[in-house]
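Chain naming follows the written order as A, B, C and D, and within any one chain the residues start at number 1.
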Amino acid sequence: MNYPIWDVGGLGAGLVVAIIAIIHVLISHVAVGGGAFLVVAEIWSRRQPDGQRIRDWLHKFATFFLVYTTVVGATTGVGIWFSIQLASAEATSLLIHQFVFAWAIEWVFFLGELTVLYLYYYGFKRNTPRMQTFLAGAYFVIAWGSLVVINGILTFMLTPGAWTLENKDIAAGFFNPGYFPALLIRTVTMFLLAGLAGFLVASRIRDEEFKARIIQFCVKWVIPAAILVPGLSYWYFTTLPASTVSILGGGTVGVVGGTLSALTRMAILAGVAGTLLVVGTLVFAAYPKTVNTIAAISMLLVAQLGIMGAEFFREMGRKPYVIHGVLYSNGLWVKDAKDPAQLNGSYLEKAKWRGGVAPRTLAHGEQVFRLQCASCHTRDGYRSVVYRTRDWTPEFGSRWLGTMQDMGVMPPFQGDALDKAALVAYVLSLRGETVDPRDLVRDPQATAERNGLDPGGRGQALRGLEVAGAEVAQ
Amino acid sequence: MSTALAMAGVLAAATASGGGLPIPSPDPLGYPVPPILLQALSYFTLTLHFLAMNLTVGSVFIYLWLRIARKQYDDRLARYLRDLLPLGTSYLITFGIPPLLFVQVLYGQMFYSSSILLGFHWILVIPLVVFLYGVFYYQKLVKNPEHPGVLLLSVLAAMALLGVGFFFVNNITLSVSPEKWMGLYAKSPGGRNLNMDDPTLFARWLLILAPGFTVAGVAILFRGVMMLKWGLTEEGRHNHRIAVSVAVLGMVLEAVAGVWILSAMPDDLRSHVTSAGLAKLLLGLGTAMASVGLVLVFLGRYKASWAYPLMASLAFFLALAPLVALRDVVRQEQLRPFFSLAEVPVHTQWGMAGLFAVFLVAGLLLLLALHMMVVPGLIAGRRAELRESA
Amino acid sequence: MTDSNGTRREGDGGRRRFLGGLGLLSMAWAGGLLYPVYRYLAPTIPKDPFDAEGKAPIEGVKAEDIAQPGQGRNAGFAGGGLVVFRTSEGELRALSSKCTHAGCNVEFQGGSIHCHCHGGVYDLEGKNVSGPPPKPLTRYRVAEQGGLLYVYRSEKA
Amino acid sequence: MHTVPEEALKELPPADKALGKLGRALLARFPVWPIVDFLRNKKVPEHRHAAWYMMGGLALFFFAIQVFTGILLMVYYRPAEPWQSVQRIVMEVPYGNLMRSIHHWSANLMILTLFLHMFSAYFMKAYRAPREGTWLVGLALLGLCMAFGFSGYLLPWDDLSFFATNVGLTEMEKAPGLGPWMASLLRGGPTVTTDTIGRFYVLHVVVLPLAVLGLIGMHLLFVQIQGMSEPDSFAALPARQKKHKKFFFDYFASELPVWLAAFALLVALSAVWPRALEAEADPFGAAPLGIKPEWYFLAQYQALKLFPGKLEYAGMALMGIVPLLCALVPFFDRAVPSDRRGTWIERAGVALLAGFVVLTVWGWIS
């Protein structure tokens, strides 16, 4: 409630973050794993009789690697930061204030990573072999170091562990329960992606015999990792908070769950992606000469889908918080939500960004929607509110808002009956139903009896009343 | 219809209610170290960011000019600048991170609010940077960089660079004008706003971009020295002529921007800048060091000595740093009615700060050592290449 | 594979081994994929029909239908078919209606219980007295409550 | 008994190995060596646009998944209690929701790949003599697959499917001539009821599968007999420069990863966005918000909206003419080299593709 909510039409701020993050996750993992790949390829190339040829290929790989990791990888990394401050300024502010020096240390790593990569790349033809191997090694260690740091902040959001707003225990927050499994998963994934990027660059080689050798080399990077990731994911899963596990294990997450819990869906996706990677890589190993760019991209796509799925479900498990147990996704602090007087008082009066909307108008409802709902839901796009409320009657809507936090995936509603009524009227107006917010705060039973209607009837009791645009005279 | 209604209501009230500005409260965690330290770190890194940014901006424009004018030696100078562009961009991004981090620690509640209000343009910065960065690599790696299509891309990349600067200036100026916020939020909650009615907007934009020519001029001065040392006298002198012209051009534009910004400022703010001791000192220091730098560039022309470009670089760093600090002084003055750094509690994290210092020093030492081992070899190689082609 | 190049043939051996591994892996993979399919097709275990006291309602017959001695009906509960009857002494009894020989449903015929499929005969205790049935019919404890009949989990009368 | 041909004996593993024995015994009983030999020598041309050859195989892959998941869904689906049985699949049967979601997504991806397959064949001029028959059968297959989509959409009997079918049949009814007759035959009465389900169910699980399987057989047979089509620029190359890939297993091995990626995509879509089951259809209730046909009918739907009132007949006529022209293309395009750019046939194709995409997007957002 401190900050305005970035109200991005049919997309939603969360999806903007996700789109940037998806690109970044893939490339940044390639960026670190690729470092190890460079080291091993450097050493390998010098032991082969046709080392110079391998090194020419390695130079191509390094060019591809440099351009993609800096232009797209580094920039989208900054992009995540740009987008999270728009999507959740409150949480970004908390993370920045708690971990500013961790971030600053990560930046030192980042600066080092970049500079060493330039020294490696621009010195490719001049540096001594030992120097090149050393630079590649230094690059890998530094790049992995940046992961070691950022992983603490990333995992903190889902599993803050013993950290609280009062103790501000940075060590507890950083080395939180999810830290080590996540670090291992990401590290292993890096090797996998480095091998897959190797396929892509190798697929462009014209000489088939040579291509086959490079492909066989890259195969060894993919298979162990693809087998390890599902097991490590299980370990990570065991560190999650109980409420997250129950959200993921329940069938109600998302619009439809049925018998398919989020956990099952995640497990199936992870299992399928891992297995397909192994199978595809074995095909590459068996027929290395046939590997073409499309096939290599297909394997990267499989990996990307697996990663996307994992990140998607990890984000899903964070509901309704942005920082688990501390801050709700819409910027409401859990400590504030525990105070009923604070929670149930008039929202419009205490909201900083209320503007001057008149109470009991649709504008009132829209502002409540924007400040409390729009950080996760769009009106009629991604995570559409219109769709989710398609069966609502006005009475049901008001009642539901009062108990939605019991579902486990929604934060509590902030505001009094008037705010609820305004929000319901606004939400129903989105699908063309006209509801006068005035009528929702009255006793629905009395209204219904006066009009001779069934109080439980679907959407009848309030039909025919005019929408109040201007302030209602009381 | 409902949106229109909402807007009308919000707008009316926003203009009517003067008192309760929607300024978020500072983060409950407070500052991790006394703010003066954060400010110092921020000034230092922001100065480096500006230098890298200026190098890139200046290089791309001089590169385009050389490509289109095409005189003797220009082709090789253009290639030099073209090869600088991706490096400049990557360091402008890298050195942009810490000041952005520290400004969020110091003024988060102001900065986040204005970022959200400009949200659309603010996030547009990312695709723009990916685009221009990609073009800078592309024109370096492509076989025929003089193809009109590639040149067009380069022009677009230069425009994108200017655009990014423009959005940054918008955000920084809006973050100190909370009185405009509610109106802009009502106008476009999706952040399709710009802070166009700020009187100093364009002056500030020019102010941060203009030194680009000067910084690029120093970079060209370095190349000229190298040419002279390698015996390519003609080319070195030619480079130095260009270096002096663009350096002077940059400083003239900077002076224009400075006068413009002072005249566009609200009166009380201007009198603060021209009368308060600290502000006056910073302004004077900056101007003096910039003049020293310009003189050094002028004196260093046609001389095969590293001392001049190195000293000029230092002078321009010392000229920029006080101006960066002055910028913050002005911001604090503008924020005085709403917020001051002293209000925020400090919960110190000395351990983390110390750890950072250790990593920073170790990292910089490592990089320095690696540079000393690698770079001389690279320069020698480049020299051999040039000899062959000459 | 038709190439006469020696090194290539060597590679072919490796390729065979790889193909073998690939085949095995694909089979394992198919097995993994088929698990959801198996679970989809596998019958779900029916809910235990007995309540906390261990009794389940009998469907298809009410107490009034067999109020007189010598009356009997084929009925059932969620766990299987029953033949429910009152002996000439007036005692209420329930036996599994599934003939122990070939699984046909038996019929109560006043003094005895017959199976029409192969002519098996049981007495009213459920004991197999003639014909092919190898075992007696399972006997259930049965009770009447408010006009409805219930059968108990306990198989002893 | 038949004798095994010499060249087959050379290719088979040695006679003392189990596989060799088995191969000899089988070939002696089933003299299919010419077919094996034919397939062994099957080749795929290698050129810039060769990637488009994958689309047909990909569509076949999705079709196989459709058959498999379709059979699984039939185990629990009951046309007499359509919505309840689908609800049981979604809510009670283990992995039922997954099977249903895969069936849904695979259908969409299949139709998407079919469109890509058709347009790539069009732009590569693969329809030309002697392949007119393959082209016509392919078009028929596309039409049948869309009919598959239409008939399958009704079966869950939820709000969306009921009204979407209603709209579709009403449009069909407006077509002059056979329209009303066909619509009422499909509907089985004046309005859409559970009787309609009986018809659609039989279409969806018996009639269309048989027809599609038959046509796929023909389509594939034609391709085997005539070989892959080659762009003229490739065909004109001297024999030494023509590069081919053996189908088994070089081409197959390079296509397999694409199938794997397609499968991963399918699972990801089904896992992340399982298909929702809406409330049971209420024939007397108001239509829910946002009633729209599936995306592959959106272009037609949107195009019809462009012809209001009496002009509707013009729209209908257009709907009829476009497929007809597509079918006739092989018979009037023959003059220029097939990969020359900028012919009017190519422009017409681009216009059709652009029109399709624009109308679909327009229909989606409006």
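Everything that follows uses one rule, which is that contacts are C-beta pairs under 8 Å (C-beta built on N, C-alpha and C of every residue); 3 or more make two chains touch, one makes a residue touch a chain.
Everything quoted here is computed from the prediction, not taken from an experiment.
Student: Of the pairs A-C and A-D, which shows more C-beta pairs in contact?
Tutor: A-D
Student: Chain with the smallest distance from its CA centroid to the overall CA centroid?
Tutor: Given all protein C-alpha atoms shown, the central chain works out to be A.
Student: Report back the single chain whose CA centre is most distant from the CA centre of chain C.
Tutor: Here the answer is chain B, farthest from chain C.
Student: Taking the mean of the CA coordinates per chain, how far is chain B from chain D in Å?
Tutor: 55
Student: Where the CA atoms of chain A average out and where those of chain C average out, how many Å apart are those spots?
Tutor: From the centre of chain A to the centre of chain C is 50 Å.
Student: Which integer distance in Å separates the CA centroid of chain A from that of chain D?
Tutor: Chain centres of chain A and chain D, defined by C-alpha means, are spaced 35 Å apart.
Student: Quick one: chain C and chain D, Cα centre-to-centre, how many Å?
Tutor: Each chain reduced to its C-alpha mean, chain C and chain D end up 44 Å apart.
Student: Please output the residue numbers of chain A that touch at least 2 other chains, ranges allowed.
Tutor: 268, 272, 279, 283, 286-287
Student: Using the touch rule from the top of the page, what residues of chain D touch 2 or more other chains?
Tutor: Counting only residues that touch two or more other chains, chain D contributes 92-96, 98.
Student: Can you identify all of the chain pairs that touch?
Tutor: A-B, A-C, A-D, C-D
Student: Would you mind writing out the residues of chain D in touch with chain A in their complex?
Tutor: Touching chain A: residues 51, 54, 90-98, 101, 245, 249-251, 253-258, 260-261, 263-265, 267-268, 271-277, 279, 288-290 of chain D.
Student: In their complex, what parts of chain B are in touch with chain A?
Tutor: Residues 2-3, 5-14, 16-17, 20, 22-25, 27-32, 41, 86-87, 90-91, 93-94, 96-98, 100-102, 104-105, 108-109, 112-113, 115-117, 119, 122-123, 125-126, 129-130, 133-134, 137, 141, 181-182, 185-186, 189-191, 347, 349, 352-353, 355-356, 359-360, 363, 366-367, 370-371, 373-375, 377-378, 380-381.
Student: Would you tell me which residues of chain C are touching chain D in their complex?
Tutor: Touch list, chain C to chain D: 36-37, 39-42, 44.
Student: Which residues of chain D touch chain C once you look at their complex with the stated criterion?
Tutor: 72, 75, 92-96, 98-99
Student: With touch defined as at the start, can you tell me which chain A residues reach chain C in the complex?
Tutor: By the definition above, chain A touches chain C via 268, 271-272, 275, 278-279, 282-283, 285-287.
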